[in-house]
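Handing you a structure now.
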Amino acid sequence: MVAKKVKRSDGRTYDELRKPYIIKAGVVKRAQGSAMVQSGKTIVIAAVYGPKKVIPKHLEDRDKAILRCRYNMITFSVKDRKKPGPDKRSVEISKVIANALSRVVLLEEYPRTLIDVDLEVIQADAGTRVAALTAASVALADAGIAMKDLMPAVAAGRANGHILLDLTKEEEDAEDAVDMPFAYIPSTGEITLLQMDGIVSKEEIKEMIALAKKGAEEIYRLQVEALKERYAALARLSEVVK
Amino acid sequence: MITQTTKDYLVRLLKREARRDGRKLSEWRKVVIEKGIGENAEGSARVKLGDTEVIVGIKMQVGEPYPDKPDEGVMITMCEFLPMASSSFEAGPPGEDEIELGRVIDRGIREGKVIDTKKLVIVPGEKVWTVFMDIYVVNDDGNLYDAAALAAMAALTTAKIPKLDENYEIIEGEYEGKLPLNHAVVSLTAYKAGDVIFYDPTHQEESIIDSRLTVGVRDDGKIVSLQKGMEGSWTEEEVLKNIEFIQKKAQTFIKKVMK
Amino acid sequence: MVAKKVKRSDGRTYDELRKPYIIKAGVVKRAQGSAMVQSGKTIVIAAVYGPKKVIPKHLEDRDKAILRCRYNMITFSVKDRKKPGPDKRSVEISKVIANALSRVVLLEEYPRTLIDVDLEVIQADAGTRVAALTAASVALADAGIAMKDLMPAVAAGRANGHILLDLTKEEEDAEDAVDMPFAYIPSTGEITLLQMDGIVSKEEIKEMIALAKKGAEEIYRLQVEALKERYAALARLSEVVK
Amino acid sequence: MITQTTKDYLVRLLKREARRDGRKLSEWRKVVIEKGIGENAEGSARVKLGDTEVIVGIKMQVGEPYPDKPDEGVMITMCEFLPMASSSFEAGPPGEDEIELGRVIDRGIREGKVIDTKKLVIVPGEKVWTVFMDIYVVNDDGNLYDAAALAAMAALTTAKIPKLDENYEIIEGEYEGKLPLNHAVVSLTAYKAGDVIFYDPTHQEESIIDSRLTVGVRDDGKIVSLQKGMEGSWTEEEVLKNIEFIQKKAQTFIKKVMK
Amino acid sequence: MVAKKVKRSDGRTYDELRKPYIIKAGVVKRAQGSAMVQSGKTIVIAAVYGPKKVIPKHLEDRDKAILRCRYNMITFSVKDRKKPGPDKRSVEISKVIANALSRVVLLEEYPRTLIDVDLEVIQADAGTRVAALTAASVALADAGIAMKDLMPAVAAGRANGHILLDLTKEEEDAEDAVDMPFAYIPSTGEITLLQMDGIVSKEEIKEMIALAKKGAEEIYRLQVEALKERYAALARLSEVVK
Amino acid sequence: MITQTTKDYLVRLLKREARRDGRKLSEWRKVVIEKGIGENAEGSARVKLGDTEVIVGIKMQVGEPYPDKPDEGVMITMCEFLPMASSSFEAGPPGEDEIELGRVIDRGIREGKVIDTKKLVIVPGEKVWTVFMDIYVVNDDGNLYDAAALAAMAALTTAKIPKLDENYEIIEGEYEGKLPLNHAVVSLTAYKAGDVIFYDPTHQEESIIDSRLTVGVRDDGKIVSLQKGMEGSWTEEEVLKNIEFIQKKAQTFIKKVMK
C-alpha cells in the first residue's frame, strides 16, 4: 500500500478519522453504563441496563446472559423524517452489532440474565453502525460488565477512485462508492463485524481491511481514554462525597 | 428500585417542606436549554432539567390538509421514551405514559394556537405543511412534563420552512423563513404527595407522588390547557392555587425559552 | 357568579344537563355489572368483569387489584367512520378514566386480581369520556365491587361567550369553545379527573369548576336512583323466583 | 363457567327434546328488531334474541372500485365481539371467531346479491361507494349467527346514500335516497349436540354443542351460502333436512326484518 | 341424477378429478410428517410438527392436544402478488380445516400438547383449501399421529349450468358459479367440512353432495396409495441401512 | 434437537477434515436447480442443496419510483422461513434471521447491479416496474445462504416483463420480453467451527458453527458484497483466503444457474 495524496472534501487524508472524533463515557445518568460517540456529524448514544432478570422466564439461557441490542435512528436524525419503529435495516444492524459484542462480553459470567444495550442514532452522516458499536463496548465497560477487551469499529471504503477511512455520507454517495463496516479486537486480531456493499477487487478489500485496522486501533486508544476520564471523574466525585 | 426506607425518608422531608437536594418545594432544578442540536431537523432543542434530558426535533413535510380544515397546516406530535431513559427499558409501540405525555404537550401548543397554521398552506385544500414535533426522553430523572414542554417550545422557535421546487419537493439546505408562531406556550406541573404540593420532582421523589396537575400557560397569561394525571385527587382550592402559581411562574420559563 | 340568561340551541339554561339524561344499571346481561348513560345524543355502555385472575401472572400486584379500562368508540358512533382499534386519544382517555376510578374502588380488598371495565361509546355527541366515567362507577357498584363512593363526571366549558354545563358537539365547535371534563366525589370534595382545552382566564376556570360541581351533584343523584331501581328490580325478580 | 353437572343436565333434557327454558327444539327465543338506532350511521339496527344483543351499523364512504370490478361498489364487513359481550373479555385485533362470524354474514349478503352494487358507482372506474357493514356483539347469550344475520339485513334496509358536493365530499344530513337492494337474505343456523339437532341455543346450551350449520336463504327461496362450523360432523341426511327446514323458516324471519 | 354430457374446457367429464391429481407423502424432510397434493395447477404442501410442548403453558388443554393449522398462500401462488401474512380469508380457512381435522385425529391421546399443521399453497388454481385438507390428513398419518381415518376433501360446484366436480379457477369465474368445498370420512359417512357460495336450489345441493362424496372416495384411495408408497420407500430405506 | 454427543462427534470429525456424509471440507452437496416452478409468477426457481429446499418467485407490479431515483425501477426482497422448514415452526412477522438472509441476498443482487433497473421505467418519474423477489425456505437442512442465493439468481434469469394496456394494467399472459439483466451474481458462504473452515454445512453441522462469511461474486469476478454472520470472529488471513476461494468457486455456480 502506497501513501496517497487524496483531496477529501473535508480536508482529511485518506487514512484519517473524521474530526471531531469524540468518545465520552457516562452520558446517560440513569443507565448502568453509557457512552456517546461523535464522528464528524454522526452522533450516537449507547446505554446499558443489566444483567437483569429475563421475562418471560422461558426465554432465559441457563448457561449465559442474553445480550440484546436495539439500534435505532431517531426521527430527526436524517433529512427525510424516519418513521418511528424498527425497519428491516435496523433489525439487521441490531443483530450484527449484538453478534459482534458477544465476542468480547463474558456472557458466561451472567447466566440466566439479560443485558440490554440501547443504541440511539441522534444524528446520521454515514458510519452510524460502527459508531454505535464503538459506543456500545465503552458503555458496557462503563457499566462494569466483564469483558475480554474493548472493540473499536470503523468503516473503510472507496469513493472517487480512492480507498478511504471513515467515509462521510457525501463520500458514500459517490458513483463508485464502496462501504465496508468493520469491527476488530486489537489485542487478538479478531474481526468481529464485517459487511461490504459495492463492486471491488480482492486487492481493494485487502487494502480496506488494512486501513480499517489502523483506524480501529486509533479508536481503541480513544475508547481507553474515554474510560480513563470517566473513572477519574468518578474518583473526583467520590473524593467530594467523602 | 427505590426502597421503602428511602420513600419514607422523602415523605418525612416533604412534610417539613424539605427536599433531599436542598431545594424549596417550588424550586426547579437548573434548566439548560440548547437550541439547534440536530442538523438534519428543521428545528430542534435539548432541555436538561437537572439530570432529566429531553430532546425535540421539528420535521416539516409536504402533506394534505384535514378535509374539515382545508386552509390550515397540520401538526403531529410523537413522544417516545428511549429505552435508555430509564430502567424499565422497553422498546416497542408507544405505551400509555408516552401517549399521555405527548398528548398533553401537543394540547398546550395546539390550543394555545402557537403555530400560525393558516400560513402553512402551499396549495389551498391540497398541499399544506405537516409539522412533526417529535419528543424523545433521553434520561428520566423526574418531571418529564416540564422538560418536554420547554423543549417542544424551544424547538419550535428554531424551526424553519424549507424551500420547495416547482414539483413541491424540498430543496435541501434552503429555507423560506422561520416557522410562523403566534404565541409561546409553556406548561408546568404541580405534583402532590399526600397533602404536600411541590414542583419539579426528581425520579426518586416521583416514587412518592400521588398525582400531578399540568397547566399550560400562554405568553399573554391565558391558561390554555389542564391535565390532572395519576390516581390521586385535588381539591378545588388546590387546583386554583396552583393554576395561579403556574400562571406567574410560566412567564419566567417562557422568557428562558424565547431567548 | 351571576345567574345568566343564555339561549342554548337545545333550549337549556347554562347550568342544565342535556335532556334526556338517563342512567340505567344492569343493561348487559353477561357482565358482572353494567350501566348505560345517555346524555342527549351521547350514549355510552359500561360493563365490568372481575375481580379475576391476572394472566400472565407476573403482571399481578400483590397488594391490590389492577383496574383496567378500555374506552372505545364503535365505528358508527361518529359521522366519519372511526377506524376500529385503539388510537392515541382512546388510550389517553382509558388511562385518565382508570386513574379516576382508582380513587373510589377499594382495590386493596382484591389483591392479585384484575378488574376489567369496558366502556363503549355507542353514539357520540361530545362528553363521551365523562358519560363513560359516570357509567363506569355505576357498573362497578352493580358488580358488587367495594367502593368508597360513586363518582359522577360531567364537562363544563365555554361557547359563544358563556360558561356552560354539559356541552353538545355543536357548542364544542364554537370559535371560542373551551371543554373541561371533570369528575368529582361529592362526599369528599375530591376532583379526580380534570382536563381542559381552550383559552381561558383563571376566573373562568373557577366558574367552570363551580358549574361542573353542581352538575356532578345532580348526576350523583341519578346514579344513586339508577342503582336503587336496579336493586328493586332484582328484588322483584327474586320474589318471583321464590 | 358452566359446570359439568349443568352440561349433563342439558344433555339429558335435549335427549327428551326438552330445554331449560321450555322451548321446543326448533323454537327461537323472542326476537326484537329495532331499526335506526345510530344517528351517526347511514343505516343501523339492533337485534335482541332473548338476552343476546347484536348491533349493526352501515357507514358509506367514497372509495375506489376493485380493479377487476370497475363498475361496482364495494362492501366491507367487520365483526367485533365487544369485550363486554362475554367473560372472555378481550380487546385486540379480531380473533378467529369474530372473523368467521363476520365472513359468514358477509357471504350471505354478498352471494345473495342483496346490495345492487352496480348502482353504487359515482365516477365509473374511479369513485364508488364503499359500504361498511360493522357488526358488534354487545351481549352473547348464544346464537350470535342468527342475531348477526338479522341485524345486518335489518340495518341494510334502513341505509341511505349521502348526497355529495361537487368535490365528492359528503354533505352532512342530506341523502340521495335509500341504499338500493335487490333482495333480502337471512341465514339461520342449526346446532348439533350429540345426535340432537336444535335451534337458537342459549350461551349455556352452546357449551354442549359439537357443531353448527348455517344456511343463507334469499327472499326467493334460493340457498345462497352454507357454513359448517366447529369440530363436529353432519350426515348428508342431516344436512339436507336442516337446509329444507331453514329454507322455509327463513321466510318468516325475512318478513320480520323487512317490516 | 342423470349421467351428463358436459364439455369442460380441460376435457374432463362432470365427475372427474383434475389431471394430474397427485398425492405424495414425505416431501418435507425436516417435518415429522408431510405431504404434497397437486390437483391440476393447484399445488399444496402440508407438514406436521408435534405433539410438542405448549408455550406458554397456560394455553395447554389438560384433556387433549391442541391442533393448530396455518393455511397460507405464498406471495407468488396467485396472479396478483399476495401480501405476506394472514388475512381474514386465511384465518377462516385455517379454522375450518383445523375443525375438520379434529374429527379424525385422536387428540385425547396427546393431552397437554400441541400439534402444528402448516399448509402452504404453492400454486393456486381454485380448490386450495380442499387440497390443503387432503394433504393435511396424509401428513398427519405420515407423522405417525393416531387417527380414526384419513379424510379426503374436494369441492363440487356449478358452472355454466352444470353440476361439476373439482372446479378450476376458470370454471369458478363463470357467471352462475357455485363453489362447495367438502370434506368427508368415507368409513362413517361424516361430513366434516361444508361451505358454499352461490345461488342454488336444495336439489342442486343434493346433487353436489353426491358428486363430492364420489370424488372424495376416489381421493381417499389416492391418499391410501400415497401412504403405502411412503411406507414402502421407508422400508426399502431401512433395508439399505441394515 | 441435536445432542452434545453428536456435536462432539462432528467436531472431532471436522478436526480430521472429515464429515459425516463423507464430503470434503469444501465440497458442496448435490445441487438441483429447477427453473419456472410457479405458473403465476413472472419468474421462479427451486434450488435443492441436499435436503435443503428454497423457492424464489419474481412478481412484477406497476409502482412508483423512489423520489431520489425517478428513472429507475425498484426491487423489493422478502424472505420467509415457512413454518414447515424446521422444528422451530413459527408463523408471524419476519424474525431477525429471515431479515438478515433476505437482506444479504438482496445486497448481492442490488450491489452487483444485476437487474438493469434503468430499463424498468414505464413513465419517467411516475411509473416504474417494482420487482418483488420473494424467497421461501421450504426445508432447512443447512446452508440456506447458498441455496437462497442460487435460487434468487435462477429465478431472475426466468423473469419476464408483462405487457400493459393503455391504462397501465397488466395484460394477463402477455409479455414484453425478459427482465433485462446486466450481470449474474451468486454469493457463497464459508462457515467456521472452532478453527476449521468448511462449506455447505448440513443442519446438523450448523449446530457446531461459530460464524459464517458470505461473499457475493459477480460473473466478471468482482466481489460485490460481504457479510460476516453469527457470534464468532475471523482473522484477516482467513477472510482473504476464503474470499479468494469463493471468488473462483462462484463462477462454477454462476454457470449452473445461468444454464
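Order of writing sets the chain letters: A, B, C, D, E and F. Residues in each chain are counted from 1.
Here, a contact is a pair of C-beta atoms (placed from the backbone, for glycine too) under 8 Å apart; a residue touches a chain by one contact, two chains touch by 3 or more.
All values derive from a computational prediction rather than experimental measurement.
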- prompt: Any chains in contact with both chain A and chain C?
  reply: B, E
Field: Option in D-E, C-D or A-F whose residue-number contact pairs overlap A-B by over half
entry: C-D
Statement: dist(centroid_CA(chain A), centroid_CA(chain D)) in Å evaluates to 58
- prompt: Using the average of all C-alpha atoms in each chain as its centre, how far is it in Å between chain B and chain D?
  reply: 48
Query: What is the distance in Å between the mean C-alpha positions of chain B and chain C?
result: 28
Task: Hunt down the residues of chain A that sit against at least two other chains at once, touch-wise.
output: 56
Query: Tell me, which residues of chain B touch at least two other chains?
result: none
Every chain pair meeting the contact rule: A-B, A-C, A-E, A-F, B-C, C-D, C-E, D-E, E-F
- line: Given the complex, residues on chain E that touch chain F span 28-31, 34, 41, 45-47, 49, 70, 72, 74-79, 81, 84-86, 116, 118, 120, 122-124
- line: Contacts from chain D onto chain E in the complex sit at residues 94, 96, 99-100, 102-103, 107, 111-113, 213, 218, 222-236, 239-240, 243-244, 247
- prompt: Contact residues on chain C for chain B in the complex?
  reply: 88-89, 91-92, 94-96, 99, 102-103, 180, 185, 188-202, 205-206, 209, 213
- prompt: Can you name the residues of chain F that touch chain E in the complex?
  reply: 38-41, 44, 51, 53, 55, 57-59, 61, 78, 80, 82-87, 89, 91, 93, 132, 134, 136, 138-141, 172, 203
Message: Quick check on the complex: what are the chain A residues that touch chain E?
response: 56, 58
